[in-house]
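What follows is a set of structures for review.
Each of the next two complexes has chain A plus one more chain, namely chain B in the first and chain C in the second.
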Partner chain A sequence: MEYWKDQHEPITAFLKLFEKAKEDPELSEGLKKVNQLIWFDYTEDGSDCSFHVDCRNGQVVAKQGKPSEEPDLIMSLSADDAHRSWSNKLNPVMAITRKKIRVKGSATGLLKLAPKLKKVALIYEQALNELNFLDKILK
Partner chain B sequence: MYGNTGEILLVDLSSETLERKKVPEEYYHNYIGGAGLAARLFWDWGDFKAQPLDPGSLLIFMNGPFAGIRLSGCSRGSVAGRSPLTGHWGDSSCGGHFAPELRFAGFDGIVIRGQSHRPCAIVIEPENLRILPADEWWGLGVFETTSRIRAKFGKRAKSLAIGQAGENLVDYACIVNDNHHAFGRAGYGAVMGSKRLKAIIVKSFEQNYHAADPEGLDQLRRSIDLKIRESVTSQVLHENGTAANLEGGVHTGDVPIKNFRSSFWEEMAEALTGSTLSEKYLKNKAACAFCKIACKRVVEINEGPFAIPKGPGPEYETIAAFGSMLGSMDLAATCKAGRLCNDYGMDTITAGSTIAWAMEAFEKSALTLEDTNGLPLKWGDMKTVVDILLPQIAFRNGKLGGLLSLGSHKASLQINKGSGEYLTTSKGLEAPMHDPRGGGHGLALTYSISHRGACHTANPMLFMEMGACYYPEIGFEYELEPMSEENKAESALLAVQLGAIENSSCYCQFADREITIPEWVDLFNFSAGYNWTIENMMSAGLRVFYLQRLLNFRFGLTADDDSISMRLLEPAVDGAPEGVPVEFDSMKKRFYQLARLDEIKGIPDRATLDSLGMSVEASYVWN
Partner chain C sequence: MKFPSIGFEPFFSWVNRTRILYAPSVRKELAFELSQLGGSNVVLFTDKGVSKAGISQKIVEQISNSELKLAGIFDNIQQDARMTNINDGAEYYRSCGADCMVVVGGGSVMDTAKAVNILIGTGLDDFKPLAEQAGLWEDAKPLPPHIAFPTTAGTGCEVTNAMVVLDVESKSKLSVTHPYCNSDIAMLDPELTLSLPPKITAFTGMDALTHAIEGVSSVGAEPIADALGLHAIRLISKYLPIAVNEPENIEARGNMLIASTMAAMCFCNTMTGATHATAHALGALHGIPHGMANAIMLPLVMEFNIEECPERYAVIADALGLQVHEDEISTAASKSVQAIRELKELIGLTETLRDYGVKNDPEHFGPLVELAASDGQISYNPRYVEENDLLRLFNQAI
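Coming up: the complex of A and B.
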C-alpha cells in the first residue's frame, strides 16, 4: 500500500470520515437518501480491511467489517484507491471502466452522493487532520 | 452473404414501383452498414442538386450487420439523406423494433425516392411488397396511426410513422417506431411527409439470422450480453432511465439551463433527475428488441395540467430540453411535452432548443408581441409551451408556429435583430443537452466536426471525457480532464472512427461501452464474416467519416462550417465550469492536422483518400 502502513489505518480513517459526515446536515441527508446497506470491500489489502455503512431507514451507521446482512451494494477496490476516491482525486467512472473499482449491486443510491464528493473530500481532510494523518492528505 | 442479406428495397413513389436490389459485397466491408452504407449509396445514386423536400431527394433507411442478433443494444437502425433542417448530409439513429424485423423480412435497407400522388404506406412482407393508399391515416398523429396499423396488420407488425409535423413539413419532424422510438434528429419525418409517405410497415414470418460463424457468435453474444446486463451503467439505466445521472450532470455543468445561459440550478437537479421520474410517474420499463437494459420509461400522470395516460415517457434529452433549457423544473410538463412530440412526430431536442431560443429572443426584444401574435414567451411557462407552442409548430399555425417550425438557425436568419447570438447550434443542428463547457471541452470539437451538426451520438466523445471508455488496443488510454483541451484532438480522431463504427453497425452507445475493441472485431467477423483485423475495422470507420465529409463538401460545406455557436464556447457564468475558457480553435487546428483535413476545404487530402481506397471519390473533390 502506498498510503497506509497496515490494513487497519484506512478503516480508522474512513470510519472517522463517516462519523464526521453524519454531523454535517447536508451530507447526512444525502447519505440517508442513498437508503442502502453498502459494503466497502478493501480486502485485497487484508482480510480485516473493509467497512460497511447502513443508510437504510433514515439512519447512517458505519462499522468495521462485512455486514451480517446481504449488502445492497458492494464496492471492491484497493485501500489506496479508496483514499484517492474519498480525497476526490479518483474519477469513479474511469475507475470502474478500468476495473479499479468493481461494483456489485445497484449503484443508483451512490449517484445521489456523487455531486457531494467535493464536500466529502473536505470532511475527509478534516478527519485525517484529527487523526494526525497529515502525511496522507492529498493536495 | 452472412449477417447482412445483401439486398435493399428500392422504392420509387412517383412510379409506384418496388424493386429488390443487390448491394455490392465490398460496400459492406468498406462502409460497414447503417449510416456508412447509406452515405455510400447516396454517393452513387443521390441527386446532389435535389433539395431535401424535392421528389428527387433520397431517403435511406439502413440496418447495420448486427440487426437481428439477440444481443442487447444492437437493434438500432439508421436513416439518412439530405437534411431539411440543415440542408446538408445527415443521418439519425433509432432503437426499437423496426431494424431486426426488416432484416428478418429479407432486407438490409430501404431506399426511397419520388413523391406519391396521394398519401401512401409501404408494406414489406416476404414475397408481398406493396404500396398502399393511406388517405385515411393522413392527418392523424403517430399514436392513432400506429394503432390503426396494428389493427390492420396485426400486433406483430412493426412500423415507422410520421405525425402531423411530418405531413406539414416541419423541418425537424421525426419518424417514430411503435410510438416510443424515434429517428429524432435532422428532420427526416419531413422528407417522408414531402413524399406523402405516412408509414412503413414490416412483418416477417421467421426470425433467421445467417451468421458467418454461428457457434462463435453465440458464445460471444452470450458473454457480451452478460457483461452488459451486469454493468453498473446498465443497472443504473434500468432503474432510472437515461436521466439517471441528470442530478450529477447539473453539478458538473453538463446540463444546459435557460438556453445554455446558466450551468447550475440545484433545486432543478433533484426535481428532474431519473430517480424522481421513477418515484413519481414510472409505471413500467420498456426495451428495444432483445435488449436486457430496458432504459425506456413508461409513465402515467393522473392529475394536474399535464396529466397523460400511461404511455411512452421522456428520456434525458427530452427532460432537459423541456425542463432546464426552458427554465422549468416541472417534470410532469416534460412528460407531457415529450408525449406530444412523439404524437406530432417532432424532435424534442430541436423543439426544446428552438423554443428556448425564442424565449431569449423575446426577453431581449428580438421577437415582439407582434411576432408572437400577442403571446408572451416567458421562461418556465410550460402551459404555453404545451398548450400553444407545440401544436402551433406541428401544424405550422400562425406567424410564430411557422417561424419556430424552421428550427432556431433558420428562424434566426429570418428575424435577425442579433438573435444569432442566442443560437446553440453547429451546422444548423441544435446541440443536445450536454454543455461542452462543463460536460467536456472535447464535445465542442466533436459537435463542430460532426457531419450532421451538433450531436452527442455521432461519436462517443461524451463517454470518453466522463471516463467511460478504455481502449488500449487503439491507443485510447487517456485520463481526460473534461474541462481542458489536453489530448482532446487525439481523442476526437479515435472518437470519429468509433462513432462511424457505432452508427454504421447501428449499436446503442449505452450498451456498447462494455464491448472491447477485440470483441468488436469478433462481432463483425462472426456475424457478417468481414474477416477484419482491428486496423481494418478502424480504417472502415475512418473511411465512413471521410465519405460523410466528402458528401458535405459536395453540398457546399467547407472547413469554416466546422464551427459552433459562441454561446457554447463563452466562459460559463456559474457552476463547475464558471470562467473556464474553451480553447476551441487550437483543438480544431490540431484535429485537422491529425485527421489530415485541408484547412480550407475541410476534406482529407488526396493521398489520405487514396490510402483508404477512395481514389475515385477523391477525383470528385480534388482536381
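Coming up: the complex of A and C.
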C-alpha cells in the first residue's frame, strides 16, 4: 500500500470520516436517502480491511468489517484508491470504467452523492488531521 | 489574445471504438458492412416518427435488396429510453431470431437499442438491475453486431459508450456505461436528416454544441477531446443556422452530423457539466426535450462558470469564429456567452422554462434542484455548484 502502514489504518480513517459526515446535515440526509446496507470491501489489502455502513431505516451506522447480513451494495477497491476517492482525487465514475472500483448491487443511490465528494474531501481532511495522519493528506 | 495555456489532469485516457463511415447515401454500404461483422438476420430498431417520415424505409430497402434477411422492425420506442421499451425490445429481438441490429433514429432510439444489445449479449431479460449498477465494465464482453444511422445531428449516441435511461417510477434519468454498447459502425448519412423540421434541427444542434462546449470546459477535459470538441464548435456555429434555414442543404446537414459525432467523441471521454445535470432534471420532471433543455440552460451555466476557467471559454470563443485575437482572455471568454445567445436567436430558439410550464415556485424548483444536485454530470462542472447556485440558474431560466 502506498499510503497506509497496515490494513487497520485506512479503516480507522474511513470510520472517522463517516463519524464526522454524520454530523453534517446535508451528508447525513443524503446517506439516509441511500437506504442501503453497503459494504466497502478493501480486502485485497488484508482480510480485515473493510467496513460497512448501514443507512437503512433513517439511521447511519458505520462499523468495521463485513456486515453479518447480505449487503445491498458492495464497493470493492484498494484502500489506496479509497483514500484517493474520499480525498476527491479519484472520480468514482471514471474509476468504475477502469475497474478500479468494482460494483455489485444498485449503485444509483450512492452515486447520487458523488457530486458531494468535494465536501466529503474537506471532512476527510479534518478527520485525518484529528487522527494525526497529516502525512496522508493529499493536496 | 495568444493561445492560452490550458491545463489538464496529469493522467487521462481517451477511447472510441466505433468505426465511422460518412457519405451522402452511405447506407448503400450497409449490407457489405453488416456481413463483414457477421450479421445476417437483422432486426431494425426505430420509432414511429422516423418510420412515418419514410426514413427507416430507406434502410429497409437496403436490407431487402441484399443477402441480409429482415427479421423484424421494432418501432415501439418512446421519447427517452425506458425500461419497458428496452425489455420489450430484447424479447422482440429474440422472438424473431435475429443475430444483429440496425438502428435508425435519434438519441432515444439509439440508447434503447444499446441497452437491448446488452441484454442480448448477456442473455438477461430485465435491464433495471443492470441500470442500477451504473457501470457495466466488470466481465463486459463484445456484443452482437450493431450498426447505427443517426437521424438527428445532436446526441452523438452512435459513438458514446453510455446510455441515459428514464426510470419512470422514480422520475429520474440513470446514466449507464458499458465498453461495447456503442455501435460497431456509425453510418453518417446526411440524406436521412433532410426531413428533420427546423425546430428539431435547431435544438438537437444545440445539444451537440452543448456536448462540445461542456466537453471542452469539463474538469476532465484533455487535449485529444479538446481537438474534437473545438472543431465541432467551429462546424456547428457555421452550419447549424444553414441547416435550420435551408433544410435540404446537404453540405450543412453533413457537417452537422459530423460535428455531432465529434462532439460526442469529445464529451464521452471528458463528461459534461451543470448544463447537462440541469437538463436531465428538466427532462425527467417536466418532459422538456433534452436538446431544448440544454439550449435554455447553456448560456446561463457558461456565464456562471467563466470565472473558474476563462482560458477555456476564450478558446471556445475563438472556435465560435469570434474576433478575439486582440482581446484579454476574460473579454474573449465573455464574448462566447453572448455568441451563444445570438446563435440561439438566429435559429429561433427563444424558449424559456416558463414555456414548458415550469413555475417560479418552490414546488417546482425544489425537486429540480434536488435532482440536478445529485446528477453524476454535475461533478464534472468546472465550478463547484451548490444547491443555491442551481436555484439561481433555474430562476434565471424562467
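The rule is short, and it goes like this: the second predicted complex is superposed on the first by the 139 of 139 C-alpha atoms of A that agree within 3 Å, B and C clash if a C-alpha of one lies under 4 Å from a C-alpha of the other, contacts with A are read in each partner's own complex, and residues count from 1 in each chain.
Following the convention adopted for this analysis, a contact is a pair of C-beta atoms (placed from the backbone, for glycine too) under 8 Å apart; a residue touches a chain by one contact, two chains touch by 3 or more.
Predicted, not measured: the structure shown is a model, and the values here were computed from it.
Partners chain B and chain C clash in the overlay (superposition on chain A). Comparing chain B with chain C, more residues of chain A are touched by C. By the document's definition of touching, neither partner reaches A:I137: not chain B, not chain C.
In summary, superposing the two complexes on chain A brings one listed stretch of chain B into steric overlap with chain C, and the stretch in question is 260-268; the others among 116-124, 134-142 or 260-268 show no clashing C-alpha atoms.
91, 93-94, 96-98, 103, 105-108, 111-112, 114-115 are the residues of chain A that lie in the contact sets of both chain B and chain C, per the superposition on chain A. Looking at the complex, you find that chain B touches chain A at residues 232, 235-236, 239-240, 244-245, 247-248, 250-251, 269, 275, 466-470, 479, 513. Taken in their complex, chain C has these residues touching chain A: 13, 129, 131-135, 137-138, 174, 177, 179, 220, 271, 373-376, 378-379, 384-385. Interface residues of chain A, counted against chain C in their complex, comprise 30, 91, 93-94, 96-99, 101-108, 111-115, 117-118. Every residue of chain A that touches chain B in the complex is listed here, in rising order: 91-98, 103, 105-108, 111-112, 114-115.
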